[in-house]
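Look for subunit A in each of the two complexes below; its partner is subunit B in the first and subunit C in the second.
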Partner chain A sequence: MNSTRFSDANLNSHTIYNKKRVKQFNLPHKCFERNVACAWRRGNKFSIFPGSQTTNKTIENSDNKILDIRQEISLFTPILRKLVNEANGAFLSLQRASDMSKNSDNQVEYLKLSRQYRSIVRVCLENLQEATEKVSDGLERNSLQSFTTIFYSIECIWHLCEILYIDVIPGEIVLPYILEWVRFHFPCHEQTAASLLEACEKGSEDNPEYWNAVIGMVVQGRIDVARALLKLHSSSDSSEFKLLDNSMRAMPVYNVYGGISSGEFTISWKHWYAECRSKYTSGSLALQPQLELILRIMIGDYTAFETIRIKYTSWFDMLGGWILFTMPWAKRREMASAAAACAGLTPGEKTHLDIIIQALLEGDLHQVIHEMQQVSDNGWSATHLTDMLYHCGKLQILDKQIDVTAQIRDSLILEYGSLLMEHKSLWSAGLSYLAATPPEGLKRAELLLERIPIESEAKAMRILAEANKYGLPNVVQTVCGCMSTRRLKSGNSGAALTWGGRTRSTELCARAAEQALRRYCAGAPLPHAELLLTGSTVLLSKYCDFHNLYKNREFRKAAKLLVSLITSKLSPDFFWETLLLDTLPLLETETPVLSADDTYEIMLCLELHSCALTGKKADMLRFALARNLERTALLNLPDED
Partner chain B sequence: MGEVSANNFFESQTIIADHKDLIHDVAFDFYGERMATCSSDQYVKVWDADGQGGWRLTASWKAHHGSVWKVTWAHPEFGQVLATCSFDRTAAIWEEVGDITASGSEKGLRTWVKRSNLVDSRTSVTDVKFGPKHLGLLLVTCSADGIIRIYEAPDVMNLAQWTLQHEMPTKVSISCLSWNPSLSRVNSNPPMLAVGSDEPNLANANSQTDKNCNGKVFIYEHSESCRRWAKTECLASVVEPVNDLAFAPNLGRSFHLLAVATKDVRIIKMEPLPEPTSNSNGCGVRFRSEVLAAFDDHSSCVWRVSWNVTGTLLASSGDDCCVRLWKMQYLNQWRCCAVFKNESSGNESPARTRPRTTYTRLAAITNPTHMPHH
Partner chain C sequence: MSINIEGTFVSQKINKIRWIPEEYVETKHFFTGSWDDDENSVKVWTFESVHDDENVENPRELSEYKVAGDVTEIKLTDKNKIAVSLSNGEVRLLEISAYERNSPLREIYTWSKLHHINSERCSCTALDTFEGDIVTVGEDEKVNILNGRRGDVTRSISDTDSCSIHSVCFLKLNEVITGNLRGHMKIWDIKRDSNKPVASFHFPGEEVAATCIVQHPTQPHIILAGSECGSLAVWDLRMNKFPTSQLSAHSSGVTEMQFHPENPNKLITCSLYGDVWDWNMESLTKKSGDSYVPLDDKATMNVTSLIPTLHKAVNSIHCSKGRVLCAADNEAIYLIKNLKY
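The block that comes next holds the complex of A and B.
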């Protein structure tokens, strides 16, 4: 393959680079005349502001504006949503199919998937057409129509690509497939022919489209239809018509399963060709110029094709006819000369589609990919088609003698995946593309995923689920950390604790637990006990248990737990007061629940933490402790468990 | 079939910033949903994305007694925290208080409180940056007299308390800083800072500066064993004053990428070398650096460089009043992919009359003489 051209060709710049020149955009405000600076936001969004790092530039106007700039992404139009999602499904199936067939050839499966992609495009086109009919707004109609144009082209390219590189073709004889492709994508003359045949009137030549339809049918290789149409001509019984009809009927058609070898076919075809040629040179059709033109087409006369070129929108309308009448035995890899011949019929500038189709026929796939990247579908077609060809093993691209095929495929997928990550609901699809191109894909996924704005708990949970699915622990940590902080700052320490627990971060939990206790001291209610599952929050969790027991009037158990909390000395200084005061009601119960030993322990703690509890409260507690000691000193409280 | 590649355009939307003087910095938060601006008018403003593509001013306050050079967001794991630095020789830490989860009308009830004022510098503080999240809550500042200071908040819940951990004098004026965002799990990848100097090159040349290297970009690394930061590298390839620099996100590469705004846009690859021979005193060669690109398209001084989130696009701006976008191709090559510029002949855009949330397509400049050749 031609590798030198490729290094120039700027392959990987599908978003905004035009191969001829750098695109320039006008900043609409005067304030950008003297200073500009820029700052990135997320994705393909950034800001331009009239910034400066110095003050010595005196600026008279305080008319400062900030421009928020983003790339226009047509793929995010709602009507293309289905296309994006379904293509994602096909893409993932393709990756699976290729994983499964590492060793074996899996062309049939690939062909099926290629057809699936095409049917996705077809459905999308139908939706677009339907929508175009309904819409009344001119601007919107325009954009729908331009999408339709784009996706018609993609369908056409993909179909040809499938024929030339993906399909399994017996004997590699490509002609019937090419004819089918031409008929499918360029049905204009077919409709006229059908209506003429339906009317079935002698003298159909009065229809101004009559000859165009006949020739159109010949060029598309529908010889029977052309013959039927000629029968409708008022002078179809004349000798000239009979002469041509004979030649058309006698035309040999190759069929791999027809029982004759290609050698034999070639001999009979050449014989037929010589016969047609002699009919032409003898001038027997000179009086019927249209019939003579058909005969000239049938002998592959280049000037004849030039004559009719003007009747077709593109040169590849005639590709099938050219191959049919000059080289019907041509194999897949022998299309270059036919492409050059047909493309040569078109004078003037070539469109992207022209270039892509010709490059496909020439087998120049890197040119195809390069041109596909210029298509305004944000890389949808370039990415998926390249990936398809890559898996089929049909892609080999060299840059300075290095095989860069995999890099190009990866970089396209990475770009496409990153693009989807920007969308508020397509991001999970984007993630699946990034995950298909490790290791860089996962690194990018990590950066992009943790930056997805989290508007709700549900969104956070979705991001967590995806992060876990693709094994991105850093994202889990970041999301939980941010959520925990957010909840903490809004005073919901229970939720903060839960988020800390989700990532098993002792730091986050400790921070939240501490705040919960502090807030409890300040009079706020405790968080729900079921949130407290982590080891680092033992104190808070046990303290909640204590409250529950107390609420359920299980005073004996509650007392035991409280004493164990006090004796364990887990409590931070600020919490001693609360713990100690909590013993008060338990000391005052009708039947004693705190034993003499417990009472001694509490007394000890009260004295050890004398600064935590002072004054009247301390005296009250001492008094209660003394009373409890009095009634339990000689009593052995039974152990309940 | 018609032309299939007509577009690939950008849309823009205008925000009236209403700062009374030059804007020096615009910074987006981690999610790109909040925007902070600062200006010579000594004010800082915070804008929130309204979810429909527009921006709403939610706070505006006088933050300093001099031009505010830079504003930067802390990682949201530390809350809604901003740091600013100013000509008034201070850097400040700001925290948003009020219920940040509230919606609707209550959303307006928010204020930014100054949690801490870092007054150690005796000259203008030129840049301020929060460290990567995995290092805790760290802040680095640099000042015109060339001193780099690293602060830490030991308790992330208490932003009033910052301790000055390290002070590194450089003897040259420092204009910009960038943390290396790579995770420092591996020993060969310790916490790393790049600093750029805008010290002008005098005609009678390097008198005071580093004898070995008159470069303008220095790399500092934290050594776990000595518990200190040390200058481990001076990039010899950059000898002109540096206005801005930025590390690209790492993406698991074995090397670091540093963009430098100097007389041109530079992209420098720094590949850590396996264990240096003389690690003890820290003067072993740590990196093999290579200039991957030096674009002089701005044909003048370059003021800023900024990477996108994944480090695949670099934006640069310079004295030619152009913003250029550079795109990374496969195999680490860069190419300019778009240029944004005010055409003074152009009349004011019709976008002004539109509602604020509408994006309008940016007009392309058609004059072919402006096209740079590649």
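The block that comes next holds the complex of A and C.
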């Protein structure tokens, strides 16, 4: 049966905005037309095969095929593996930090780690851009570009999340942070403004982008830059320009450490606002529509914002300006109305990013997580962000009045961890995620670890070390059992015994010992004696001791040991012959070493196991026994020790 | 200057990392060998300064040599040649061009199916080199001596032990020491035609695998071995059998040890736990042969940690003057600079 492997790019559409939940594939082979069967394999993989097979053809031209279908995991591409590993380190540091600060507040540490996550995303973006420039293949470039889009969105979301939920903001006054966020992620017109200022020529309004740049700077809250740009206008000395410039200069800026209370600030701000408003209603700027537009923006006129909305790709560009000109004293928790106002500027369908940002501003983290899960990054961002928020104590999700926060966090981590466990190399990273969510995680880890293919002892030992680290004795048992059986199969009873001994498993050791004895009967050498120092295989171990004593010519001790082995009746049937024949040389020694009593015992065993030893050998032994009895019947052998 | 660490993620778990020696300039090129991945390879890298800033160096890949199976060991046989052992039982001798470091590695010899149980391939777990000779050990309990000049197998000691061998080290031209899964250390005379070890002794205490062995560079009778559970044992070969000291060192398996090439009193070790330690071995090696020093207390040994503990195993280290390379299971390599030696 042929086995083909195919992965469809559509399986994991790289767009962040995928709406469809169900995908349809056409199976490429005719043989699947009837009776298709399906079976799960390890991880996110399953096989499709024909349920009824045509058996009368030869293998080569058979129609029967097995299709292996797996999800294409974008995180497993080499460039994103860096992100996976680095994030794993940050994740573990976060778990450690939260363990250490069970009781105390540790916001600073969390903020540091949140920034670390962001810098990881940033590095990843840089790598992606670098790779995009180098790559020549169109398809690959596309996928790299879609990764870039995805991670830009993630960076943007994470940053806003950090401002609203993780950062320590004095007085909770969020405006400067939001402005910074807008400037960082949506740097519109910045370059035009910079080049205009650099050129520093009167009459810059000839540049078609001039007014866009000025308004852009106002909306971003860079009032100083906007003023400087206005100075470059050829008629900047006119009264209208001066009028606007005065208003812009006089605009009160709130600073927590500025020495005035927020109440005082509000009063002065309202005063300024009323002034601007009267300037507008008096129509003193009516001759300069652009200046009037700026003034309308500054008094927070919704229609003005609507007018400029089309110039921007998203409503996020406007968010900072809107807050700046309508509610500069807004606290973190008061962003919902601003979000609704700005989002309302955009008619039509909302993208995932729109929904996420708005939900963040509204404080609806449940919605945020829900939407993050739709991002095609295999759960990377949803998992890490949720975990971050969970540790910061900012996550509280209720489902029918029951707090399910921990469950949500755990289930995301479990999913992500299990995903990584599939990968040949990333399994150890995956394991550390699973271990962070006991007890369920460890149960899963146990099942997944047991299924990791073991190609070498080095890998086996690594899995054992991990299993021991997380306290998974069942995995240790399975892996050792597997290795022991494998060695046993290839006829190496010594190694089998070693692996059996590692888990202190009596069954494994017994099996290996039995094979060692059988092989000895067949002529193979015994395993090294030191192998059995701690083995639970009494018979084999004692028998080896006997050999050593015999080799060292300590016949008296050897004889005693052998008789005790015979009388203890530990021996399996196949080994009686060997044991009994081993007495022969001891019966024939110059000075007797086996006493009359011993001889009787051996005789008894010989007769009891007459099927083990027959014919000439039995007769020979009987003869030797009789002779020994003859010379020891009246002799009392002294005990040596 | 204080110790400075730079990490780079390389998207492969690196099992072995080795500097390429330079004669007159600071080392800057190195080899890595990956493991436990769908596709493994031996790579050559160089460090490059970024934006003319001398202090920031980033590794850049120069060439890749794909191999089937995990790379289990890389050792230099001379300045530009490495012996690479693989988990599919093969050993390869590769050469890098002395002038054009970015040209692909050239294969000089391949010893395929060197290690196998019955007809099935099994892992070649370790190797060591000595003036062009290579000794390899494997899970099949075999010790092979290869001649790196002629490319043949000069001697093969088979069925020597009752379980797989995990570490090996040349003591002198005709003697090698091996350590196995049960912690038994055996010394073999490779010139003698016998399958019996010259001497054997074992790790004290529980049965643990001996994962790595090194010989003291100036006092060749002193042998150190690291175990699977993180302990370190020191033997004085003039008085076999019992280790002169045993240290409970790392909290899990010792993965590699190296005496600093410039300072024989300095030992660098790394472990599965994710730490890299710098030991001052002076007290251990200077004492007279017959005094047993119980060294459970590693504080007396002057141990310092070189990097903050990583969350994943550190598989390999290699130092050259003040620069130490580390390779870890978090698919990253680290360069520690300004190590005092």
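Throughout what follows, the second predicted complex is superposed on the first by the 474 of 641 C-alpha atoms of A that agree within 3 Å, B and C clash if a C-alpha of one lies under 4 Å from a C-alpha of the other, contacts with A are read in each partner's own complex, and residues count from 1 in each chain.
One rule holds in what follows: a residue touches a chain if its C-beta (ideal position, glycine included) is under 8 Å from a C-beta of that chain, and two chains touch if they have at least 3 such contacts.
If you're wondering where the values come from, they're calculated on a predicted model, not measured in any experiment.
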Subunit B versus subunit C as contact partner of A:457, first or second or both or neither: second
Contacts of A:592 with subunit B and subunit C, given as first, second, both or neither: neither
Which superposed partner A:45 touches (first subunit B, second subunit C, both, neither): first
Contacts of A:300 with subunit B and subunit C, given as first, second, both or neither: neither
Contacts of A:328 with subunit B and subunit C, given as first, second, both or neither: neither
More subunit A residues in contact - subunit B or subunit C: B
Partner chain(s) touched by A:469 [first = subunit B, second = subunit C, both, neither]: second
Subunit B versus subunit C as contact partner of A:425, first or second or both or neither: second
Partner chain(s) touched by A:490 [first = subunit B, second = subunit C, both, neither]: both
Subunit B/subunit C common contact set on subunit A: 490-491
Of subunit A, residues touching subunit C in the complex: 78-79, 81-82, 85-86, 88-89, 92-93, 424-425, 428-429, 432, 455-459, 461-462, 465, 468-469, 490-492, 494-495, 497-498, 501-502, 527-528, 530-531, 533-534
For the subunit B and subunit A complex, residues of the former touching the latter: 1-28, 30-33, 35, 37, 39-41, 55, 67, 69, 75-80, 87, 99-102, 133, 156-157, 175, 243-244, 249-252, 303-304, 306-310, 312-313, 315-317, 321-323, 325, 327-331, 335-344, 346, 348-349, 351, 359, 361-365, 370-372, 374
List of subunit A residues in touch with subunit B within their complex: 10-13, 15-18, 21-30, 32-53, 55, 57, 59, 62, 64-72, 74, 146, 149-150, 152-153, 156, 313-314, 351-353, 374-376, 399, 404, 407-408, 410-411, 415, 418, 439-440, 442-444, 447-448, 450-454, 478, 481-482, 484-491, 511, 515
Subunit C residues touching subunit A - in the complex, by the definition given at the top: 9-13, 35-38, 69-70, 72, 87, 117-118, 120, 122-123, 125, 139, 141, 161-164, 166, 181-182, 184, 200, 202, 207, 209, 228, 252-253, 272, 310-313, 329-332
